[in-house]
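Read through the structures below before going on.
Both complexes shown next keep chain A, but they swap its partner, so chain B is in the first and chain C is in the second.
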Partner chain A sequence: MAVTVSIPTILRTHTGGQKSVEASGSTVLEVIDDIESRHSGIKARLVKDDKLHRFINIYVNDEDVRFAGGLEAKVNDGDTVTILPAVAGG
Partner chain B sequence: MLQIRRELVDKIVAHARADHPDEACGVIAGPAGSDDPQRFIPMVNAARSPTFYEFDSGDLLKLYREMDERGEEPVVIYHSHTATEAYPSRTDVALAAEPNAHYVLVSTRDPDEHEFRSFRIVDGVVTEEPVKIIEPES
Partner chain C sequence: MGRYASLLDTVGSTPLVGLPKLSPDTGDGPPVRLWAKLEEYNPTGSIKDRPALAMIEAAERDGRLTRGATILEPTSGNTGIALAMAAKVKGYGLVCVMPENTSEERKQLLRAFGARIVYSPAAGGSNEAVRVAKELAEQNPDWVLLYQYGNPANVQAHYEGTGPELLKDLPEITHFVAGLGTTGTLVGVGRYLREHKPDVQIIAAEPRYGELVYGLRNLDEGFVPELYDEQVLTGRYSVGAYDALRRTRELLELEGIFAGISTGAVLHAALAVAEKAVRAKKRADIAFVVADAGWKYLSTGAYVGALDEAAAKLDGQLWA
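Right after this comes the complex of A and B.
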């Protein structure tokens, strides 16, 4: 399952500046693990206590994975996965 | 330094006043790499709170896709503080994720006078910067 993953500016230090990377996996977690295998350190920015970090949004195509099973959300061949940190504060 | 047109400052302040006592938030996009804020994009505060703001996650995706298609980036990310000074809170610093953006804070705690200040927030370090308001040519 090959997917394209869009990387936000703040995490591009982990991808050598690349705006997007190719990855494989049948769930969001598998995709993250696959990226981590080549871009060490990125997983810790996305996953905390085995859950998606509260202030990180991940979308499969147009769907926020929080409403589709979280890290277990299904990913299909050709999907686009977009990672966006929340724009939030107090 | 943030250089910003008077018209955009007025729009940010008007948005902050309109949403008071909840926090208002939004973006001014500009061409990537230009450091020139041009396109005013008020956002809904999904938290609808006087002490917190967060862009709705669906709106966030649409916003970033649209900026990407137009070759833009968020030059300014603004929000209001409605009972405290226009200085980044601990939460603001912890969640700041755009190292290239000018983080603009507006305080509406005083009904008659607002504070308008700009900061860089990089790796947990806050640096205030001067704001130069570009007045319209008369």
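Right after this comes the complex of A and C.
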């Protein structure tokens, strides 16, 4: 399953400055593990104690994965995965 | 509508209107209907009149806010304008901490209402406004920081006002969709509706801004409002400027509703929810919040010209 993952500015130190990377996996966790295999250190920024970091939001096609199974949320071929830090709105 | 003792008494009781053209055609299947709650009918033209008044009245009851006091608040605009109106009527001073990348109209309106504006850096968006406001609160202990992100009166305003209004006007409600900022609307309305309709779906639409706004120095500077209660929500969408603008224009084009840009993001999520209901062949009555009208965003060029150019202009702006 090939997906495009967009990387926020704050995590691009791990991807050599790349704004987005290609990755594969059938769940969000598998996608993260796949990115980690090429961009070491990024997983520790995203996942803490087997859960998504409190200040990290991940969206599959614009839907927050926390409401779709969290790290086990399903990812399909061609999906867009967006990683963003949590910031204030309002 | 009728006669009121003062402007403050006109907060709330906003209309809920059907959207016959935007609601999907389900043919012989169960109906899927969209309903818009028009918060521009509040006295300063946005949903923020509700939490602003509730937070001031709660602070008056607590004794934190006394005659002639100065209120302090971090705000990207609407909360500040609502507070400025209430402060004017009640005789308080107001200092707003506002990110410099908000629309010109919001800045001018605040000044017209007599509020003092302290600008926070564009990079970091509202995060920076919150940080600066907390610093100012420490330096000025006599100022009263209402703090919409953590003030329970914000949630309460929607639990006691917006939520009951929605259930009364739409007893058959199946979904509620609103913008996610302080989280006050979603948490307050969501809790009320859930108590009365346990199966109701509560969906957040979160604006996805340009990169500038996410320019944190490190992840520990991330921000989740103290009011946020993930348990209340059943879904959360992130909507970028392009989709938000596209839907804002559709709402105007098809239904004649001239809404602010954040409403486009909310409508985008509401339509995604509607599409799921159509596919599942389930009846849905989806109410969503139109937080304000479009007047304050005209200078952004959002409503005319090529869509992608208009969306590009919003990059780096706090458009919701």
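In the analysis below, the second predicted complex is superposed on the first by the 87 of 90 C-alpha atoms of A that agree within 3 Å, B and C clash if a C-alpha of one lies under 4 Å from a C-alpha of the other, contacts with A are read in each partner's own complex, and residues count from 1 in each chain.
In this text, contacts are C-beta pairs under 8 Å (C-beta built on N, C-alpha and C of every residue); 3 or more make two chains touch, one makes a residue touch a chain.
Quantities reported herein were computed from a predicted structural model and do not represent experimental measurements.
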item	value
Touched partner set for A:86, first chain B, second chain C, both or neither	both
Contacts of A:77 with chain B and chain C, given as first, second, both or neither	neither
Partner chain in contact with A:8 - chain B first, chain C second, else both or neither	both
Superposed model, chain A: greater residue contact from chain B or chain C	C
First (chain B), second (chain C), both or neither touched by A:49	neither
Residues of chain A that lie at the interface with chain B and also at the interface with chain C	8-10, 55, 57, 59, 62, 64, 66, 82, 84-90
Complex contact set, residues of chain B against chain A	25, 27, 43, 47, 51-55, 57-58, 60-61, 64, 73-74, 77, 79, 88-92, 95-100
Chain B partner contacts - residues on chain A that touch it in the complex	8-10, 55, 57, 59, 62, 64, 66, 82, 84-90
Contacting residues of chain C [partner chain A, same complex]	75-76, 79, 124-127, 129-130, 148-149, 179-182, 184, 204, 206-208, 211, 213-225, 230, 233-239, 272, 320
Residues of chain A touching chain C in the complex	8-10, 45, 53-57, 59, 62-64, 66-67, 82, 84-90
